[in-house]
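One chain, chain A, links the two complexes that follow: it is found with chain B in the first and with chain C in the second.
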Partner chain A sequence: MRKIWLNPGFWLVLAIVVALGAWPIFQQDAAARETGFTVLLAIVMASSLNIVMGYTGYVSFGHVVFYGIGGYIGMYFIDSLGLPLPVAVLFGGLSSALLAFLLGKAILRLRGAYFALATIGVNEAARTFVANFQPFGAATGIELQFSVYKAYGGALQALWLVYYGVVGIAIFSVIFSYYIKTSKFGLGLMTIREDEDAAEVIGIVTPNAKTWAYVLSAILPGMLGVLFFFKNGNVEPGDAFRLGFSIESLVMIMLGGQGTVLGPVLGALGYQRLRGTLLTSDLMIGSLPLKDFQLVISGFLMLLIILFIPSGLVGWLRQRFATLRRVLA
Partner chain B sequence: MNFSNLLTSLVDGLLIGVVYGIAAMGLNLIWGVMRVINLAHGVIIALGMFGVYLFFSTLGLNPYLALLLVAVLGLLLGVLIYFIVIARVINAPYLSTLLATFSINMIILGLGTAAFTTTPRDSGFSLGNVDLGPLTLQGTRLVAALVTILVTGALYYFLYRTRPGKYIRAVANNRAAAELMGIPSDRILALSFGIGTMLAAIAGGLIATFFSFTILSGDIYQQKSFVIGVLGGLGNPLGALLGGLILGVLEGILPLAMPNTWVPVIEFLLFIIILLVKPSGLLGGRQ
Partner chain C sequence: MTLILQVQAVTKRFGGLQALTKVTFDLAQGQVLGLIGPNGAGKTTLFNVINGVYTPEEGRILFLGKDVTGKKSYELAKMGMARTHQIVRPLKELTVRENVIVGACYGHENHDLISAAKIADEVLSFVGISARADQLAGSLNVAQKKRLEMARALAARPKLLLLDEVLAGLTPSEIDGMVKTVLSIRDQGVSIVMIEHVMKAIMNVSDRLFVLDYGQQIAEGGPEEVVHNPKVIEAYLGDPQMAQKLMEEG
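After this line comes the complex of A and B, so read on.
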């Protein structure tokens, strides 16, 4: 039995996520909670995508599909069948996992850029299909009755309840991510990343390993989707399947360092802080406010990282300082 | 639904389809020569739209003259992007090139949104209608299709009959061998990328003569280019034209049989199926 609790790197990443999650709870502050929501969502999306992209080496532009499908299924269960939230969250995760399993069987045969293109296709197909699918409200989506929140002690109480759920999932996601990375299964995934043919030769059943990696990466986004759309009170195709959200997750992973546990967490935190700062800034460039240039600055920053530090912050630190390799997972 | 309706939809679809085809041709050329999927393709299509629109509406230039200028600017922009960004990541894993071109997309989109906002624009240009027997066709669309065919012909002449064109094909075929034969591969790659973006800009400029658009419109046409590129076979310029025609016909005919909003669903399903069944495309050889 591997003793992951003896590794300082595990405690470091866990401490960061717990501290981020607990801060708004101690403050009991609504604004801090909203920031917490976006940061924790980013952490879960980046960490789970990292299982496919960082560990296995398959770049997916369609990660948000799992968030969207899970969210839609959960909202449908709450709105039409009147199921309680925890059950809906569970079903959201399960349906995302099932979708990932079926998709994985089909498109994980494609390698490299072909896989990346196929995931864009899957995302757009899902978005346009749901926008036409009557049981899910077609283009207008699903809107919850306000009375739904009564069962959870009113809207305000429900928000905090959802927040606790999100914190729980975020903490679980980093433990999960660490556990996979240090498991034999994870080693198999990283072998596939380095050389898929060689992995096959040394006895890794690559189609199964890839499919399971894909399924495991899909569960948590599916559960989060339900929590977030429940919190918002409605879900629309454009929000649920926003391609840009997948790509933002990719950027976060690149920022922090792909294939590491800490990287996606730091990347998510850094990206969201930067975005928040830019969007609320009062600075002016000429006659235009700085926030109009949020996209330009993010793009420029990303370009610099890809051109000059392709292994991301954590990867760079690990290469630069050998002693940090023990601590930074 | 009568026959003349069907015929009009079909021909309209074909005319639009070739214009889509030329955008996809640029994407295909870039993929074929340097194995880069250019995620900044859409935003360059949008720049082409704004180029023609601005030359026409502010300087009063004839749109087709403006198109010529836009094509030259598109070529220069592509060469510039190649030397600043692509050249540095061309040998890196494909994730780097995907994200690098995506960051270019973000930068141009951000600047474009700041400069032009996202209000829809319309060039308001018209060449009247042309009657051909039972058909009534928009003049601008007819001219756009003609321009496309002209550009395709020119591209083929360039690739097969001129020395730089042959260099491009040699580099696409085997870069190391081409370098050993003394071909300056860096400059040839820059030229290929430039031609790719030039085709995107031309497609955008043509679309601007008959559709309204915003700086965000490029995305839709980029996704159509992916579908078309995969249909015809990534890396195969002529396949792009065929793919464009197929997509155009689907867009012309399908709305007669089902609600308009279902068309993209069919398109993307087709895209995934082709990727799975025959990733080399309809015209591609066996892998």
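After this line comes the complex of A and C, so read on.
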């Protein structure tokens, strides 16, 4: 179970993400690149949340907080301190990890629904705090000077640079996710998911394991936050801490299959595909355009998944066809 | 003779309920202590106190000569204590082998996954469920789950093993198999405390018996001596002299 490079499941999930990331680069097409941004962001958010939710069994509605905080810190470093983007990205990831560490110590002792509720509180608290925090521009946020992009060879060049960064992080996120799942640490997390009290009796230091899972899930969203807000040129509290984004990440994981490596990737792809179709649809329901119903439909979808295939697409396939277990990580 | 476990005047209360009152006993290295008593006597509570799930209000617990009162379960596991649960707790979505690997990985020997997998295969064949190794633990039947629970505890290569009703719900032939397993664990030098209701089995296995009733120890000693103790018979069956007393009074 340790030899990653011998496992077809690892190569399958890696190939999917590499292919997705490489497609716009070969096309050299701006529209394909924007789609790539959206899908890869979704993959990283879902994959990283899966470490806490799928492996450890703690449902978090506050995953976007790490994206937002990382983004804010990075933007602050670029805008006020004039640091280069890669350094800002690194600091974005580190600050999210630090926040996760402190939060983990405080709220990971809560279990089940109580933890989930606390994470909603964290999300709202972070948003309100940043919206009133002057160094971060309070309610108006941080806006980059256009001249910042000159250092990267102009805005167009900077966009592609950011894209390469996002592809790199997305590829790393699935390798990371696979590595954790097949490690001793990951086995400990899954033991906590199955039965936390039994895990303690077996000898797993549950407070530490949970905190580390939380920290590891926070790093990549923090890094991505910096890249995305740099690309947008501005960051506002409402964009950085959008509760809906956390919920969408949950839906993606459940759609694809929680606790699997491939599940969040397929879930993210499927969900973004559906969302794209709905948003560009001309269909009308009565006098209302269908595209206004995007969240209604994802809510309904989640209900159906929970009722009929609680283990998601990959989980269902694994249960149904035992031979697929080797291929579907 | 070294003492592996010393329980000294342990008292545990839940609100107004006195679950354990000044319970005291020692367990010598390599011995089997049978813990018996009627339902609700506090046997599992005593396990939970020894195992660090609950902290006692009074008294001390010494494991390997060190005071471990109030230590967490995982700290005790790292010192070499393992237990099984009365109501089995398989990690349902993991395979049987993975369940046992967890035990070996996180016990006091702290194995990596590769050596843990070797230990898991040994232990699974020792308890006789290696044919099920790749099944999900949730798909096992009760007897197999009991064996899995035991395998997971054994994979930690514990110095002290707490067995909570591993025979309950098994058929007579399954009980015979399990008793043999317990004896061979003891022969490997593991000290055992076991809670059991199947009297014949526990009399055969135990070096000593310890009897709890309403959280108090009412008897302790060799199996034969204890089962003929009037207090023990009274706890289980009511007062044996009651009829006679009533006659005399009448």
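By our rule, the second predicted complex is superposed on the first by the 328 of 329 C-alpha atoms of A that agree within 3 Å, B and C clash if a C-alpha of one lies under 4 Å from a C-alpha of the other, contacts with A are read in each partner's own complex, and residues count from 1 in each chain.
One rule holds in what follows: a residue touches a chain if its C-beta (ideal position, glycine included) is under 8 Å from a C-beta of that chain, and two chains touch if they have at least 3 such contacts.
Predicted model, so just to flag it, every value in this text is computed and none were measured.
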| item | value |
| --- | --- |
| Which of chain B and chain C A:Leu117 touches, first, second, both or neither | first |
| Residues of chain A touched, compared between chain B and chain C (which is higher) | B |
| Partner chain(s) touched by A:Met190 [first = chain B, second = chain C, both, neither] | second |
| Touched partner set for A:Gly259, first chain B, second chain C, both or neither | second |
| Contacts of A:Val59 with chain B and chain C, given as first, second, both or neither | first |
| First, second, both or neither for A:Ala32, with chain B first and chain C second | neither |
| Chain B versus chain C as contact partner of A:Ala131, first or second or both or neither | first |
| Chain B versus chain C as contact partner of A:Gly203, first or second or both or neither | second |
| Parts of chain B lying in touch with chain A, wherever the complex brings them together | 35, 37, 85, 88-89, 92, 94-96, 98-100, 102-107, 109-111, 113-114, 223, 226-227, 230, 259, 261-262, 264-265, 268-269, 271-272, 275-276, 279 |
| Chain C - residues contacting chain A, complex | 51, 53, 72-74, 77-78, 82-83, 85, 89-94, 98, 101-103, 105-108, 112-114, 116-117, 152, 156 |
| Chain A residues touching chain C - in the complex, by the definition given at the top | 1-2, 183-184, 187-188, 190-191, 193-195, 197-206, 259 |
| Residue ranges of chain A in contact with chain B within the complex | 53, 59, 106-107, 109-110, 112-114, 116-118, 120-122, 124-125, 128-129, 131-132, 139, 247, 250-251, 254, 288, 292-300, 302-303, 306-307, 310 |
